[in-house]
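Accompanying notes for the structure given below.
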Amino acid sequence: MSKEFTREDVNDEQSTEALAEMDRLTHEKWEAALEDGSLVGLECEECEYVTATPNAACVHCGDRSVSPVRLPKQGSVYSKTTIEVAPEAQGSGYQIALVDVGDARVLGRITDGERVDIDDEVELSGPYEYDDDLAPLFEPI
Amino acid sequence: MSKEFTREDVNDEQSTEALAEMDRLTHEKWEAALEDGSLVGLECEECEYVTATPNAACVHCGDRSVSPVRLPKQGSVYSKTTIEVAPEAQGSGYQIALVDVGDARVLGRITDGERVDIDDEVELSGPYEYDDDLAPLFEPI
Amino acid sequence: MARASVVGTGMTDFGVYTKPIAELFADAALPAIDDAGIANDEIDAFYFGNVLGGATTNETHLAPQVASYIGLTPETSVQRYEDACATGSLALKHGVRAVETGDHDVVLVGGAEQCTPKGTGIETSEMTRIFGSGAHKQYEQAPGMTTASVFALHTQRHMHEYGTTEKHLAEVAVKNHYHGSMNSRAQFSEEKTVEEVLDSPIIASPFRLLDCCPFSDGASAVVIVSEDAAESYGVDPIDITGISHQANPVPVADQPNPPSTDMVRRAAQNVYEQADIGPNDVDVAEIHDCFTGAEILALEALGLFEDGQAGPATTEGRTRLDGEMPINPSGGLKAKGHPIGATGTAQIVELTEQLKGESGDRQVEDAKQAIAHNVGGMTATAVVTAMEARA
Amino acid sequence: MARASVVGTGMTDFGVYTKPIAELFADAALPAIDDAGIANDEIDAFYFGNVLGGATTNETHLAPQVASYIGLTPETSVQRYEDACATGSLALKHGVRAVETGDHDVVLVGGAEQCTPKGTGIETSEMTRIFGSGAHKQYEQAPGMTTASVFALHTQRHMHEYGTTEKHLAEVAVKNHYHGSMNSRAQFSEEKTVEEVLDSPIIASPFRLLDCCPFSDGASAVVIVSEDAAESYGVDPIDITGISHQANPVPVADQPNPPSTDMVRRAAQNVYEQADIGPNDVDVAEIHDCFTGAEILALEALGLFEDGQAGPATTEGRTRLDGEMPINPSGGLKAKGHPIGATGTAQIVELTEQLKGESGDRQVEDAKQAIAHNVGGMTATAVVTAMEARA
């Protein structure tokens, strides 16, 4: 997969202005950011809703004025589950969690072997890969 | 797969009456007949339409009075095609044909290596198996 | 005032079937057609629900094939619907619209599905992957979310906020197995105890094996006509007084609290308005209890119990057959089974029989008003249907 | 008199896309919404067509996901349709019904599909198997029937009965590639010669590689409203004056002669009645030319040419852009491409532009009446749609 959204675009030093000047936030750019340790979301100018995954318009109000925003790397667990029966390539005995990162919420994978509970603080620890897709991986702080 | 419709039910000596007394012609019974060299179809009492594959009612008029009938083993080719690109397990360079068997028409496979044309006479030569299903195999006479 | 009327129903026992899907569906459809007392050529349209055929047996475009098998004439308008586990209800919605507007007079609505490892020839881990196909590939499947785990996430949050316990969940399973033990069509005929549920292995915490509905094969069908036409069919019609279909955002991270039942709340409000009833008027309900926690969440979202009260209410027996608000007299998805494309119309079959007083041992007394609740995908779609017995 | 009106259209270039399907669809849907000059919250319902997602990328229940991505609010009624290659037209049929009856005011109808080996990550032989999923598993797939071969069987019989030749078939491909060369959205921009077609390798006799439409990725969308409402959108509306959906028996062995186009003949007759026109009134048509023979069969079934005359007519240039009956000015499925869930509404996009006089180099002069013809499964389903420019 070509990554038009490069390391330079998403590193921590990147200005908020540079982020806002991106074209539509695509899955490809979102994944590239994740690979570089950043979680990028979208904020709606109209209703201020913040989402943690790419959309072409606001998932809350439908307005197209959505701008990329960098989400915090630390967040707290909104809910979690430990999964024992899963597709084979996912393994078993792992956790997933809905994590509140700033004003957004994202579904992430918890580092293998770790256990988190609701309200625990977690930190983005990198991308988790499954079937050629990347997902946020969190570990307890 | 259990075969409640046994060799005894479908051999050539079986009477038309015995066929007519079968419960609904199922795919399982149809396959069992095919395994034993018979092609069994259904005739509609209402509109006399004859089909070559199982149904719960007449595919032509919708009436439920359909009775199993033995179809002739010989038939003539209504149309045919030679297939070069197919699912891997089907191979390539094989023919399929719509074959008129008595008053019914059935889609069959032509024996590997043989070639038939429209109006050619063909004969049922056994079942062809693909993905656990059986289909009629025909060869030119 | 009714939007449509049910004049015929049929369904197979739910369980394991290896026969072709057309043959399976015929075992539901032909009885439904007979129940309505109509001939095949009176059926103007056929709306067929099936979800997984493409992935499991390489079968799409099943509607014309199934229609031919059951003898619907080629003039019949036939099509397939797929909206995950809400498939049957979405097909029903379109059928209701078709007869309500007069576009069609008689519509056969139904579904058939094979989900069991034996029925599909696919083992459990791979079926778990295929079941998960309702989830967002990038933002839900990738981190490892499964069908059980999305309801698990909601239920865990519900437990955190309201004090719902694993024992409350187990009581849902026990109650639905009890109801299912009186339903000869149910996949599970045996009762279970709270201890048995709590001793069963974890699938996705807090859900254990006995908190989860099984993989099922089966089929169901209903014949619907317009309210006015219903009388002429010489049968006892049951009216569909409302049907509402609502969506939630996807992925689940964008769904609002309380635990992601916003679409159910909207659907319930809308359907109560259509039917001119309130939750207090409901005598019996079939609920989408794919997991025990899903029933708890639904009972509250439908307004049948206050938020946080469905767990205790279940433990107190208030949702049992002899309770004040009998839920899932059929045994629900939990005990009756969940052949997903057939589930929506199977709920309608159960409620039609309940409203006709023909449910035998599991009859809810004096059932006049009923609702069905069907959820699709990763809590992305809900359909709520209201039904009423004629006075 | 119109059943609905098209007030906005959008489509992607057809070709190869590896992006998620929601992103692909947005590139068709957002332009369609903009074209209609409406805001997202004015859209009451969204009918989404996708066929293969379950089998190719383990994605079912895509409608809510795609709706969220393009910012449709959760109150929007969203659902998926699957009826093989006729999927988009079936979704359109339901959209037309919804606005005609007033059930919804504004409906977004569209489809997206990824079929290319690169777009799906699945190689050709396996995609051929998945494409064949519209065929009856036991009585069509088992003997080895593929999508190409069902049209090949019909075409061989047509050649036998009417003297249609391989050169006639090649002329269809040449004509559609010529049209496609003027369509920047077409997957193939190069013209082809009869010799090139006849020299290409056999896929299923009589069809050679260049008789067959390609595997394609792409998306298309239209916004439809009721006839009365159309004026208020401040755009130039194009009316849908008829839409008819008809089925054929399955399996193909039970389909009647002439070569299995009975359902198209019924759909055409029905749609001409709805639109109060005859085949002689048609100025331009988009035809389901998945294989060259399919266009020949369709032209006759639609009454545009006498039985047996479509081959010679094509060779004589009568179906070219400057001929008396221009067919597939877009390039058709053959040259434009065939992302199957998107094909039905892509035909509507082309015809809307033609009837508005906005088709540039490939504009059919004075186009006032148009029809679209879309076939699904193993010649099991046909949808014919009639469209008209306002005077």
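Here the chain labels run A, B, C and D in written order, and each chain numbers its own residues starting at 1.
Everything below uses one rule, namely that contacts are C-beta pairs under 8 Å (C-beta built on N, C-alpha and C of every residue); 3 or more make two chains touch, one makes a residue touch a chain.
Since the model is a prediction, treat every value here as computed from it, not as a measurement.
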Checklist entry - Expressed in steps between touching chains, what is the minimal separation of chain A and chain B? => result 2
Checklist entry - What's the chain with its C-alpha centre farthest out from chain D? => result A
Item to check | Averaged-CA centre spacing for the pair chain C and chain A, given as whole angstrom | outcome: 33
Item to check | Where chain B and chain C are represented by their mean Cα positions, the distance between them in whole Å | outcome: 38
Checklist outcome for this item: Residues of chain D that touch at least two other chains are 20, 68, 129, 132, 137-138, 141, 249, 251, 254
Checklist outcome for this item: The positions of chain B in contact with two or more other chains are 27, 59-60
Checklist outcome for this item: Touching chain D in the complex, chain A uses residues 1, 26-28, 54-64, 132
Checklist entry - Can you list the residues on chain B that touch chain D in the complex? => result 27, 51-53, 59-60, 78-88, 90, 94, 96-98, 104-109, 118, 128, 130-131, 133-136
Next on the checklist: Quick check: in the complex, which residue numbers of chain C touch chain D?
Outcome noted: 20, 51-55, 57-61, 63-65, 67-68, 74-84, 90, 94, 97-98, 101, 103, 129-130, 132-134, 136-138, 141, 245-251, 254, 262-263, 266, 376-378, 380-381
Checklist outcome for this item: Given the complex, residues on chain D that touch chain B span 124-126, 128-129, 132, 137-146, 148-149, 152-154, 156-157, 160, 201-206, 249, 251-254, 259
Next on the checklist: Residue numbers of chain D touching chain A in their complex, please.
Outcome noted: 18-20, 22-23, 26, 30, 39-41, 68-73, 121
